[in-house]
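Starting off with a structure, shown below.
Every chain is named by a letter (A, B and C) in the order it is written, and numbering of its residues begins at 1.
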Amino acid sequence: MTTATRGPIDPAAHLARLRERAPLIHNITNLVAMNPMANVLLALGASPAMVHAREEAAEFAALADALTVNIGTLSPLWVEAMQEAAEAARLTGRPWVLDPVAVGATAYRRETGRRLLERRPTVIRGNASEILALEQQGSGGRGVDSSDPTEAAEQAAVALARRIDAVVAVTGEVDLVTDGRRLARIPGGHALMPRVTTLGCALTGVVAAFLVGAKDPFAASVAALACYGEAGRRAGEVANGPGSFAVAFLDALYALDHDQLATLPTLEVTDAP
Amino acid sequence: MTTATRGPIDPAAHLARLRERAPLIHNITNLVAMNPMANVLLALGASPAMVHAREEAAEFAALADALTVNIGTLSPLWVEAMQEAAEAARLTGRPWVLDPVAVGATAYRRETGRRLLERRPTVIRGNASEILALEQQGSGGRGVDSSDPTEAAEQAAVALARRIDAVVAVTGEVDLVTDGRRLARIPGGHALMPRVTTLGCALTGVVAAFLVGAKDPFAASVAALACYGEAGRRAGEVANGPGSFAVAFLDALYALDHDQLATLPTLEVTDAP
Amino acid sequence: MTTATRGPIDPAAHLARLRERAPLIHNITNLVAMNPMANVLLALGASPAMVHAREEAAEFAALADALTVNIGTLSPLWVEAMQEAAEAARLTGRPWVLDPVAVGATAYRRETGRRLLERRPTVIRGNASEILALEQQGSGGRGVDSSDPTEAAEQAAVALARRIDAVVAVTGEVDLVTDGRRLARIPGGHALMPRVTTLGCALTGVVAAFLVGAKDPFAASVAALACYGEAGRRAGEVANGPGSFAVAFLDALYALDHDQLATLPTLEVTDAP
């Protein structure tokens, strides 16, 4: 576990590190998210790769700089590959991020989520319904969209972070990150973001990219969400709807620079409740 | 079977119901369509979910408000999941829509299409070549794009609707909907629509979303096609090509409102020939 | 083998043939590329189809005008389908194009690449790292993005073309095409192209579309790359980032015409070293 510094977090410094390293991010993600996730990572300056066959997933995980596992569209062979890749990441000291899409919806998802938690993700990023479901609280939602506000998952997020010694990021209208000891709320984003599919899934890749070379996964996750939210805010200024928002969002991620990030309000870290 | 009213159909009322309910639409669709379909449904105001593992497809179908099954990119386990999800939808009284992509092209597709028809879809939406192939008429086309005009499939559509007691929607330059007793033609759309991949597949999801809570599947299907065509017409006014059309189309679906739909010509329903 | 004419190549004539025929292109491609590849082919004037089940892949390959095989996201059943489709294309005299994505990254990819080479692709299109890996030279790269400049792969490309009697196209900042006897360099493109995912994969489909009805696969490949690069150059003139680039690129492919191509510098063919 890292030192839990409580100083303000500077997203620009984290983004500069990401662009300097152009990390290779291995993603086992859902079939809807594959393309947007790759484009988001490329726009930001990372190098995405999607590799899911059991014949190579673990080998590739040990080659990449970080791994993401997203359970949005499951099937048995993929679930095995997810386990093996997560294990390879863990054994070789690489960060990995779990995205528990709709984890409460079916027995298969609950079981898959439970097994993946055992592989000790560095970060879990989900919406409020998903984080509540992982802690077996709340309705867990029906589909892939959250039926709970972020605040409703605050306690569950802190409990989950403590239970598995991970960072938990809950995204929604307001974003919240905790490592069980610290907590940060990140403003930004735009009302059109939930109207574009898999922007949450793509954010999971962005968190992984920010983790590479970071000393503090909590700070890196906060920085990732701050950059993403700021790009969303900027895209919202020029969008006419979800189609033009998706286009403007990629342009905004690409254009994100130190000056833009310097205008953000300082991200304050508090003690977790 | 519903009462076969022949009065004019008001797309705006159907769209208002969809947005009020934000129905959860379960899609087992092809790998090319997954992302655009999700974006189309989100832009319109529905909540899409893609779930295809046999381990959970039937369970999820009984949880969602409607199901779509699209045979564009087949594989054996998916075909089993399609069967099981369609059966679950049928048994729990949920509407489901079949999209028989390129059903005439190979023996595997013909067989899969035949088996899915046995599960009694509420609506079948295809292009003219696909509807002709389902009725074992015409060439059936070679690929996924129609090689027949809509009118050529009118008789086959009426026969198919009567044979399996379903609504059949044939889309192309002109759209046609029949339940075997009634028939409507829907103008609108734009010449760039066939130049953007899977807009037809995404429409299948839109039809499913309009079916939720509808008393008359025929009227709901007509309303879905009218809204889709109007969004296409509006997108065509600002597009420079298929790339900008796809973007403008999502914006237009999102912006579609009562005033825009009120300007549409009344959709007249006639007796099926 | 075709007559190795060394005269200048006219991309406009090749594009006109493609649009006249609207060839049906069968693609077994990766899950990230499926959608952009279909949109690129539709924008250009071809008809794409994605078919990967063993139950129908060979049957469909013999029905289509050309085949592409892309190893970006592998799994065992897909690898079998790739083999069978490639064999069907070869036996029925259809051109097929191999896209060896990240072929050097894992043992599974190296083995799959080796087996597919045995099926004698008409054209191989890859980045420099991939072509070097196929000839067992260089690092082979870690991920899907090239870690070598195009020039570094020139010798390997010529050797590979001679070894398997195919056309080899190496794409990157400068594109290079060789059939082992002739060599052409194609300028154009834009710095944003590698920031949009799977534009290289989509180009593989474009090469296949240009091969249909072409007497000289080398000239057809050069023409394909020239058209693609010109559309990229034009898109770059109006793009603000990778999001708007992707949109403008589809519009530019759609708008590509004789006049635009006539302004291109003549593509000179030299002897391969």
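Keep in mind that, in the parts below, contacts are C-beta pairs under 8 Å (C-beta built on N, C-alpha and C of every residue); 3 or more make two chains touch, one makes a residue touch a chain.
Chains and their UniProt names: A, B, C = Hydroxyethylthiazole kinase.
This structure is a prediction, so every number in the text was calculated from the model and none was measured.
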Type of chain A (Hydroxyethylthiazole kinase):chain C (Hydroxyethylthiazole kinase) copy interface by residue overlap (half), same or different: different
Cα-superposition angle relating the copies chain B (Hydroxyethylthiazole kinase) and chain A (Hydroxyethylthiazole kinase), to nearest 5°: 120
Separation of mean Cα positions, chain C (Hydroxyethylthiazole kinase) and chain A (Hydroxyethylthiazole kinase) [Å, integer]: 34
Set of chain C (Hydroxyethylthiazole kinase) residues in contact with two or more other chains: 31, 35, 246-247
Chain C (Hydroxyethylthiazole kinase) residues within the chain A (Hydroxyethylthiazole kinase) interface of the complex: 30-32, 35-36, 72-76, 102, 105-109, 142-145, 194-198, 240-244, 246-247
Chain A (Hydroxyethylthiazole kinase) contact footprint on chain B (Hydroxyethylthiazole kinase) (complex, rising order): 24, 31, 34-35, 38-39, 42-43, 47-53, 55-56, 59-60, 63-64, 77, 246-255
